[in-house]
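By written order: A, B, C and D. Residues from 1 in each chain.
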C-alpha cells in the first residue's frame, strides 16, 4: 500500500511538479543555458584606440576575464579614435555606439578637449564640454544603456602640479565629477588615481615613464592600472 | 417653351456656377484672404543678436519690407547669441529654430569658430566645422525648412590681407562655399562682398570703421550692406 | 692745585682728544650726518605699476617705514608697466633701472609670460624666460646692484590646482626657484606664500577675492601680504 | 757722357718714380694682392640652418660665385638655428655674429615669431618684434656691419590668402618693410617674391610643393629662388 499510496501520490505529483517546473523554468534556464554576454563599449580617444591593441587596457581586461573563466559573460568593445574630443564622440555616437545596443558605455574623454587649446587652438569650452557630455549620457540612457564616466588621467606625470595643463585638466575633471555626482552615475576617477599613484611612485617628479610613455598615452603599467581601475567600477554593474 | 427652357437652363446654371466657384474657391481665397507670412529665421552669433536692435540688419530689412508694403508677407526672426560657434547653433537648433517651423533659415556663423582659436584656444577644427554645419542643414531640411548659407564677413577690414586671421577666415569661407556648391544651396557670400566693398571704399587700409565698428560688428553702413546682400538672396526664395 | 693739574691735563688733552676725534670721525659722521638712503627698485608688470598707487604694496612698505622712523633709510621706486614680460623688462632695463644706480632691484615678473600664451599667443618659452632673466641679473649685478627674485603669485586663487594656468605658473616658478638657488640669490616665493595663505583662508575654493581682485591683481589684503613678504626679504639686505 | 747723363738722369729718376710708386702703392697693391673677402653672415632660423647644407640657398650662392670666379671675393657664413625668433637672434648676436666682424648681415627671421603663436602660444608681439629687430640693426651697425632685411617668405603657398597665418605673416612683413623704409636699409622682400611666383606657378592653389617642401622649408626650386633673390640685393653692396 505504501507503493499504492506512493503511486497515487506519484500520479498526483506530476501536476504539482510540472506546475512548479513551469514557474521555475526561467530561473532554471538562467542557470543552465548560456547567458547573453554583457556588452560594454569603451568610447574615447587615442588612449582607448590603443586599448584594444596587444597590451592595451581593454585587451588586459579581456585576458583577466579569460583567466577568471568569465570571458563569456562580457563582450568588451573598444571604440576609440585618436584626437577625439567630446563633440567628436557626439558626432559618431549613433553609428559607433548606439547601433550596437550596448549594456554599458564607458565614456573616457577629455585630454584632447584641454590639450588642443594649446596645440591647435581648438579645445572645448568648459560649458560646451558639459553640454555635449550631458547629451552623450542622455542619448545612451534613452537607448537603454548605462553610463560610466572617467576623468582624463594625465597630460604629464609630474606630481607638483607643474605639468603645463594641470590646471585645466583638474578643472575639466571637476566638471566630470560634478556631472557624475549630479546624475548619480558611476565614476572612474583616473585623474585622482594617477596622481595618487605618481605621488607614491614618481619620487623624481618625472613628466613621463611612470604610467605613460609620452605624458599621455599608457605604458604597460599604465594599461594594467587603467584596466584594474575600470574593472573595479565595472564588476559591480 | 423658350422661356421655360431658358428658366430651366437658368435654374441649371447656378449649379454649374456654384460648382465652378467651389472648385475655384481656394484660388479665390488665395487672392483675397491674407497669406500666411513666410517665416525666416536668422541664426547666428552676436552680429545677428545685434541685428534685431534698432538699426540692426534684420530691423533694416523689416523697415524695407514695410516701405514696399510687404511687411505682411514675411516674418523675420533673429536668433543670434553672442559668442556662438557652429556647435552652439547645433546645441540650440531644436529649441530656438526647429520648434518655430521656419520656412527659411539663414545660417550666419563662423567668426567665433576662427576667432576663439586665438582668444580662448577654443576655436573649431575645420573638419568639425563642416560636420556640424552639415548636421544643421540636414536637420533644418528634415524639418521642412530651406537653408541659406553665409560666409563670415570680417575680422578686420584691411584690404591687403594683413588682418591677423584673414588666412583662417578665408579658409573657413571656402569651406562654406564648397558646402553651398556641393549641396546646391543659396549662398550669401558676405566675406567676398565685404572685401570688394573695402577695396573700393577703404583706400587707407583701415582695420575698422568702414563696415564695422570694431573689426567684427556692423556699423550702420555695415548693417545696411548686410541687409541688402541678404535680401538679394532671400527675395528670390 | 687742582686747577693747575686740571689745566695741565687740559693742555695735554687736545692732542689725545683730537687724535681720537680724527680716528673716530668716520664713525661720528655716520651717526650725525644723514646717510644716503638705500635705493630699491621694484621692477615688474601691472601688479607693480599698481604698487605705487594709494594702497599699493610699495606704498604700504613706505608707510610702514615711516611708522618705524626709517623713511629716510630707504628710497623705494616702482618701475612696473602693465603687460610686461621678462623681455620687456630687459628692453627697458638700461633706461628705467640701471640709469638710477639702484642698490637693490626686486624683479617681480612672470604672470604675463604665462598668461599671454592663452590670451595673445605671445607668452615666453621657458628656456627664453630663463635666458632673459639671467641677462637681467647679470646686467644689474655688473651695474653694482643686488637682485631679489620673486615667483609670480597667482592667476586664480583656487586651492585645488584647477586654475587654468596653474601648471605653467608652477613650472615657471620652479624656473625662478632654480635660478635663485643656482646663483645663491634672495628669493621671495610669492607663489608658495599665496598658495599657503589660500589653503588656510580660501575654504570655498574661490578663484578670486582672497588676495586678488580679479585672479591676478592684488586687493588690499593682497597688497599688505606682498608688502610683508617682500619686506621680510628686503630688511635683511 | 751719355752714360754720365744717363746716370745723372738715372739718379734723378728714382726720386720721381719712387714718389709715384709710393703714391700709387695702395692702388697697385689693390690690383695685385688678394683682397680680403667680404664676409656676409646669414642670420636666421631653420631655413637658414638648412641653407648651408648641400642644395641649400647659401650653398647655391657659393656655387654660383665659384662659377663666376668670385669665390675669393666673398665669405658666406650661415648662422641659422631651427625655431629661432627675433629675440633668439638677439640673445646670440654677440657670440654668433658680432664676434666674427661681418661686413654684411642678412637678417632672415619672422616665420617662428608668427607660427609659434599657434603651435606653442609663444609667438612675438608685433611691437616687441620691431623693438628687437631695431636692436639687432643698431648693434650690427655699431659693430661696423651693414644690414639686409628679409620678409618671411611663407607659411603655406596657397595663393588665395587662405593659408592659416597669412594675415599675420603679411602684417609682420609690413613691419619689416616699414623698418627698411624708415632706416633706408636694403630689403629682400621674399614674402612678395614668393607670392608673385606662386600666383604664376601654383594654379592649383596647393599649400606646398611649389617653393617649399612643407609649407615653410625650401625645396630645391625654393633654395635656388631665395639664392637668386638674395644675390640680386647682395651683389650691389
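Just so we're on the same page, contacts are C-beta pairs under 8 Å (C-beta built on N, C-alpha and C of every residue); 3 or more make two chains touch, one makes a residue touch a chain.
Bear in mind that the values here come from a model prediction, so they are computed numbers and not experimental data.
J.: Shared interface numbers for chain A and chain C above half of all numbers used, same, or below, different?
T.: Chain A and chain C contact each other through largely matching residue numbers.
J.: Comparing centres built from CA atoms, which chain ends up most distant from chain C?
T.: Here the answer is chain B, farthest from chain C.
J.: Match interface B-D to one of C-D, B-C or A-C, accepting only the pair for which over half of the contact pairs are the same residue numbers.
T.: Most of the contact pairs in B-D are shared with A-C.
J.: So, what's the distance in Å between the C-alpha centres of chain B and chain A?
T.: Those two chain centres are 44 Å apart.
J.: Measure off the straight-line distance from the CA centroid of chain A to the CA centroid of chain C, and report it in whole Å.
T.: 53
J.: Just the number, please: Cα centre separation of chain A and chain D in whole Å.
T.: Computed value for the inter-centroid distance: 60 Å.
J.: Going by the touch rule set out above, which residues of chain B reach two or more other chains?
T.: Residues 117-118, 120-121 of chain B touch two or more partner chains.
J.: Is the chain-to-chain touch network here best called a line, a ring, a star, complete, or other?
T.: Contact pattern: complete, every chain touching every other.
J.: State the interface residues of chain B toward chain D in the complex, per the touch definition above.
T.: Going by the criterion above, the answer is residues 117-118, 156, 160-171, 173-174.
J.: Help me check something: in the complex, which residues belonging to chain D touch chain A?
T.: 118-121
J.: For a test of understanding, state which residues of chain A touch chain B in their complex under the given definition.
T.: Residue positions touching the partner: 87-88, 91, 116-118, 120-125, 128, 131-132, 135.
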